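Naming follows writing order (A, B, C, D and E), and every chain is counted from residue 1.
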Amino acid sequence: MADHVITTNLADDSEAARILQAQRRRHIIGATIRYGILFAVGLIMLYPLIWLVGASFKTNSEIFAGPGFIPDSPTIAGYVQGWQTSTPYTFGRFFWNTFLIVIPKIIGTAISCTAVAYGFARFDFPGKKILFASLIATLLLPNVVTRIPQYLLFRDLGWLDSFLPLWVPSAFAGDAFFVFMLVQFLRAIPRDMEEAARVDGASTWQVLVFIVVPLLTPALISVCLFQFMWTMNDFLGPLIYISSVDKFPVSLALKLSIDTTEAFEWNRILAMSVLTILPALTVFFVAQKYFIEGISAGGVKG
Amino acid sequence: MSGDHRFLGLLYLSPYIIGLLVFTALPFLASFYLSFTDYNLMSTPTFVGIANYAKLLTADRTFKKSLSITLFYVFTTVPLKLAFALFIAVILNYKLKFINFFRTAFYVPSILGGSIAIAVMWRYLFADVGIVNMALQGIGFEPVNWFGDPTNALFTITLLRLWQFGSAMVIFLAALQSIDKSLYEAASIDGAGKFATFWHITMPLITPVIFFNLIMQMVQAFQEFNGPYIITQGGPLKSTYLLPLYIYEAAFKRFDMGYASAIAWVLFAIIMVLTLIAFWSSRHWVYYAGDKRS
Amino acid sequence: MARLQLRNLEKDYGGFKAVHGINLEVADGEFMVLVGPSGCAKSTTLRMIAGLERVTGGEIRIGDSLVNDKAPGERGIAMVFQNYALYPHMKVRKNLSFGLRLKRRPKEEIEQATHDVSNILEIGDYLERLPKQLSGGQAQRVAVGRALIKKPQVFLFDEPLSNLDAKLRASMRVRITDLHKQLKADGLQSTVVYVTHDQTEAMTMGDRICVMKEGRIMQVADPVKLYNRPANAFVAGFIGSPEMNLIDSKLDGRSLKIGGKVLELDDEMLSRLQPRGTDVTLGVRPQHFAVVGVDVANALDGRVSHVEFMGHEVYLYIRVEGQQVIAVVPANHYDRGKINGDAIRLAPQAGSAHLFDRASGENISLSNQA
Amino acid sequence: MARLQLRNLEKDYGGFKAVHGINLEVADGEFMVLVGPSGCAKSTTLRMIAGLERVTGGEIRIGDSLVNDKAPGERGIAMVFQNYALYPHMKVRKNLSFGLRLKRRPKEEIEQATHDVSNILEIGDYLERLPKQLSGGQAQRVAVGRALIKKPQVFLFDEPLSNLDAKLRASMRVRITDLHKQLKADGLQSTVVYVTHDQTEAMTMGDRICVMKEGRIMQVADPVKLYNRPANAFVAGFIGSPEMNLIDSKLDGRSLKIGGKVLELDDEMLSRLQPRGTDVTLGVRPQHFAVVGVDVANALDGRVSHVEFMGHEVYLYIRVEGQQVIAVVPANHYDRGKINGDAIRLAPQAGSAHLFDRASGENISLSNQA
Amino acid sequence: SNLRMSWWGGDSRHKATQVALKACGDKYGHTIAAEFTGWDGHLEKVTTQIAGGTEADIMQINWPWLPLFSINGDGFADLNQYKDIIDLSQWTKDDLAAGTMNGKLNGLSVSTTGRVFMFNKTALDKAGVAIPKTWDELFAAAKTLKTKVGPEAYPMNAVKETAVLLISLYTTQNTGKDLVDQKAKKVAWSAEELAKGIDFYGKLVKEGVVQTQKSVASEGNLNLFESPKWADGRISGSYEWDSTFSKYADPLKGQKLEPVSILKNTDAKTEGVYRKPSMVFSISKRSKDPKAAAQILNCLLNEPEGINAMGTARGLPASKIAAKTLIDGGKIEPEIVAANAIIMNGTGPTVSPLNEHPEVRAVFIDTLEEYAYGQIKSQEAAEAIIDGVNAVLKKF
């Protein structure tokens, strides 16, 4: 072996060692600053959540007595009373109703938005630009003013006091945001796999089901999560379209007893808020890997 | 796919097209029509031509004030939020331990954002004896009158939005991670420091997502409703009276749906124009990598 | 029957004409390589055959049936993509059998086929892996397997080796041609259209090579003929490494003027020459230059500008009358350090030079041999 | 002074030791190529020199000053990246001048420098283009220009040609070495460290070549020596194309046993042999096999399994005693169709064979020449 | 037949009303679907339903909404048509008038409510302050509190609506007139009169009787009953709806809250009590079976099944028989009875529902806020309010 043994001189060696040490120190300081910022910001971010959970175990009078989140005398009264509700139904019923809305809505959204995004991203056809523009335009108009006309529409369809108005439009790719998002994702995915499947004998529909959907899974998880959270939180829609209490979803049930001219029990409301957020949080924690990767993978490449 | 029939794509769009025709187009056009009417919700709308718009643009002082507040809000909140989201994303882009924890922590507020409990809590955080003021006093500042002072109140709403920077951050993070590391290395060999690298390399390369986030955040900010509605009720002195709140009150407090529609369409036009300007200007500042095939 | 025919095939990308009515016939069992510089529409042509790109003019026939309007899956073709395009969410086994499963073949048949193919390609050990767990070469074989399992009438390959490193590329090259021969020997249909821009692949793999340029076919021939008797300057320059020296010259009766130099044409050359005009291009492969002493007449003087040592041979970059010329000489004949900048004298080997018409690029020194 | 010295340089990637204390000295103005298989730490070494990777042990000196702790921008180096790493959002002009602008040099100076560099590299026409509007070769030249404009003491290249197609690679190779010579002639500092895994580049470009393997240096020598006198089996196999045939054999006094065959060693070989044990590897370059008739003694019998036509030469893949052997023979001697599957007899050329100790890999047939 | 009834409210109201509906439904053989929500969004819901013609048969309507939905009296069924079913004699003429729009009885007052003063007796006692009976005593109480307890002690609370009503009260006391002159469709007060009222509010602030708007707002727009300052007695008095008495009493925890008759000065022309139906029950004009709805309405308000089930979920009932039944049955806390008595016995001009028209309120509150923030003088404020209110009134 051809070696180049250069006799190393000791002074140089110690100089190099000193430099190494200094580098290590700088490295540690930099890391400390970064972690410091992150933890501080992280705490600020999470504080409200922590407070919310803590406060839901407080008594009513304590909730507004100080900014801390540890209850002096913890109570689960909020949960017990909240669960019972003032209606003939327990909160469980309202959760059930929510799922009756959320499940078809999510499924419908996932299916329709995927198909539509596929259509936009992978095909050329006359009128594509205009249709895409209409998609964006629907994002821009404040929906306060379309509420009444929409109500009249659903009245004429005979859908009032049913869950239909709450999920059917979404099942027809009514949530432009998701379509837009999925189109962006699809644009970032190379088409070769789909072409390979076409050559393998798949119809475009089979390509969508067997190839595109699996590839889109992370993005679809994000879509479902968003839709899930938004639907859980949506209050005005159910308020207007649902009249019968037995059909209330949780978002509405949460506000059921808040009459601003009357005292109401915050710990009960907070307790139920916690329960309401819980499914979304659970889903998020379980799916967070896919969720964030999903967004990352698709990125928004121009 | 390119080998297929010209109209096959429309087949996949059919859910959207049906939905558009059945559920979206009618209410959309109806509201446009209503903006030319006098409609109090009880009686049938009567056509009044451009009267609503005329009044709106000439005689309505509240509209002017609300519009200027809205513009101010949008033009402060959006850049702040984008900057903050970007800042944190840049930090998270370093190889870090607990990265999942941080990403989750920073993302959680975006999930909770819609909950009323949060709005209620916000009122509490920024109260005169709230935790924010306590913290300020703790580090030697005067407490701030957040909700009572017209110059501050809007800021609390801005902060509520900033707090929900997570979704924008995640998108930035994705973009940052897709930047070719060798560009940073090339820059460091060219003698660029951290700041120069960020300014000359990172920023230009993520302009597409800055642009995307800009549009999305702008659209959202222009439609900000919950914050002022729940937290400040538009006050004090209408300093948080954003246009969506005004539209809402015109429609459901004053039962002037025609007028509300007119405001909404003016707002629509403004967002549209700004979006178009953004799209147009993007040619000059957004760098698209652009793929070769169509 | 798995003959493939392209008749006046055209492709118009909304205004931009990528393929200008090409005609090509690939015989049953033939290994046809499409080669040409980037952007010459190799992929476009292949994708039209596959049905991935709409045909805007002409016909494609596979085994005599017109397939212009058939879906890709119904054409009896299989395709291997440049980056393999394996389905990332399916294990190798599923990747292989996807096509058969789509056709709802019986389970046993699918298993048998998977087994057979993985035996042939020696990928049996990876059947339960995901594509991302494969190395480049393994992934490449799976991609071939996915095509093979369908027993297609025509195989299409789009630069399947270009993502591999040089060593692997060399060994995969051998594997694919061996596989083709083996299939043929087994009596299986195996008409192949193979796209590459690498002329080494083209030369070593193809039964015939179709050289394309800007959406047109320049020559279709077997490798030896293509190498020895290029139809035009383009093909001559494209095939061979280092590329053929193309030297601007003037034809003047029996002699060739190159700058100030004059080269007498020998009888052999004159016998095959069919001159069109005086502006011609002399084509001599680098390997066909001999370095000669001053005593040899009819040679070109130049100056070495650059030398590349390649182990067993040396590339000499020489400036002759303002034009760059390359000569390849055995390494043991030359002393690297010395020659750089030196004067040198080159003589084209008899019988191996070509003359091309400058305007059309056509080889005007072929005719008599045809 | 732009000598570059690495002393006991180490790199530890949190537990995984990528570089095991290497020592290397690159003289002022020298063109040093680092070559080796993927993962052998070529890039890591280069990046430590550049300051992009923290040094975890040992020293780096550029022009005698210790630079371990200096920022990349302060080391007086310039680097050309594998994918060029051109700033995609800046026009070529800005790409070139970015470093100077950061240093707030006067406008005229920047313009002059840009002008000079674009003249040298002939990229003046593209100054107003974005990188994505450049072809591979153009982009490559811009990347070099960006390095050049800084007048660095040391140039670093990390596989700058690997993204180019074969033709372009060949011409860029020439361009870069010419440029290096020109700069040297102009009296400019131009010490170069050039990383590649392509042995053709290594052979043709380097004044000296440093062959690496798994974070260690295997041999540092000039190309001719490396090719003709590889220090070990690794270097022998790595350098040369197609690679040297390494045939397992047993040394038995004056003869070599290969499977059932026996090969007598000639005197020349015996004179340089310094045997260590009986397990040896016979190394013969494909070009150094002669195809001989049955009458020739001392040759190996085999069967051709595959033939590749390469234009002026043919690669024969031959199975000899269960081992794969490649021989390269001139194309005009062989008829392609016939030979496949045929028996063949190969004789190593006298004086060109090597013997390596099987255990250590060391070349045991060099010693007397040293 | 099948009917629907909609209302908003809190838990106790939801429970009580459902029981009452069941009882009354059983009695008349109707089934009544209950549609109830919290306060938030209820107006939108009803509005949307009315715009869509899908409102419930029986609706709980906020009194100020009457002119919004039915300025001509044709927004709801005219209950006069069902006087053989509903015993209208249980209501006072005032109550019926309050529910009448354009001569049509659009809603039946469910309960009468009004603003009363309430003081935290415990807190005032501690400072040695007697419960004020006049404005002057209120000012004096403020002075004493400041010295005895500290600068953070206030004997009264006035923000937003409460401030408006305090000013209205003072001005009504001075002029003997309500803000709205319903006949003339304009403001009854002159600018000077209103300005005086506003100055009075200014004085309340300046002398530390009430907190500044700015400092109230800084607390985060909390309701008074959520405020720690109220709970611990630093704010020891307010001017609130009598029906909400318990809500303010509850957080005090052992301290005694006392309803107090209207404060006034000796030269007041009237007590100026602000009295109104808290809410009305209306029947949809589109009801398929308005007679059945009327039966249920009468049952809820006038018949023992409804009365006993409903209890005081909507305050002390306006229906005489209901009030009597409950008081006799001891179902009402004495403080609420006392507070209500103050309202019922007080004197004052009839209050127009237009006082609480959202736009009228908005103009008043917004302009007052500008005054409170020192942006305009009281005279300007008064003029602005009068102009603004007149502009709204013109539409009716």
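Rule of thumb we're sticking to: a residue touches a chain if its C-beta (ideal position, glycine included) is under 8 Å from a C-beta of that chain, and two chains touch if they have at least 3 such contacts.
Which protein is which chain? UniProt says A = Carbohydrate ABC transporter permease; B = Sugar ABC transporter permease; C, D = ABC transporter ATP-binding protein.
Keep in mind it's a predicted model, so treat the numbers as computed, not measured.
S.K.: Under the document's definition of touching, what chains do chain D and chain E have as common neighbours?
M.R.: A chain counts here if it touches both chain D and chain E, which gives A, B.
S.K.: Between B-E and A-E, which chain pair is linked by more C-beta pairs in contact?
M.R.: Higher C-beta contact count between the two pairs: A-E.
S.K.: Rounded to a whole Å, what is the gap between the Cα centroids of chain A and chain D?
M.R.: Chain A and chain D have C-alpha centres separated by 52 Å.
S.K.: Any idea how many Å lie between the Cα centroids of chain A and chain B?
M.R.: Roughly 17 Å separates the two chain centres.
S.K.: With chain centres defined as C-alpha means, what is the inter-centre distance between chain B and chain D in Å?
M.R.: 55
S.K.: Going by the touch rule set out above, which residues of chain C reach two or more other chains?
M.R.: If we look for residues of chain C contacting two or more partner chains, we find 47, 50-52, 71-72.
S.K.: Spell out, as numbers or ranges, the residues of chain A touching 2 or more other chains.
M.R.: In chain A, the residues touching two or more other chains are 64, 147-148, 195, 198, 235, 255.
S.K.: Provide the list of chain E residues touching at least two other chains, using ranges where the numbers run on.
M.R.: 44, 51, 222
S.K.: Write out the stretch or stretches of chain E touching chain A in their complex.
M.R.: 4, 6, 8-15, 18, 33-41, 44-45, 48-49, 51-54, 56, 222-223, 225-228, 231, 241, 244, 246-247, 250-251, 253
S.K.: What residues on chain A touch chain B, complex-wise?
M.R.: Per the stated touch rule, the residues are 34-35, 37-38, 41-42, 44-46, 48-49, 51-52, 64, 67, 112, 115-116, 118-120, 122-128, 131, 134-142, 144-150, 153, 168-169, 171-174, 179, 184, 191, 194-195, 198, 204, 207-208, 229-230, 233-235, 254-255, 266, 269-270, 273, 276-277, 280-281, 284-285, 288-289, 292, 295-302.
S.K.: Show me the residue ranges of chain A that touch chain E in the complex, using the header's touch definition.
M.R.: Within the complex, chain A contacts chain E at residues 61, 64-65, 85-88, 147-148, 151-152, 155, 160, 235-236, 239-240, 243-245, 252, 255-264.
S.K.: Can you check the complex and tell me which residues of chain A touch chain D?
M.R.: 1-6, 8, 12-13, 15-16, 19-20, 22-23
S.K.: In the complex of these two chains, what residues of chain A are touching chain C?
M.R.: 190, 192-193, 195-203, 206, 210-211, 214-215, 217
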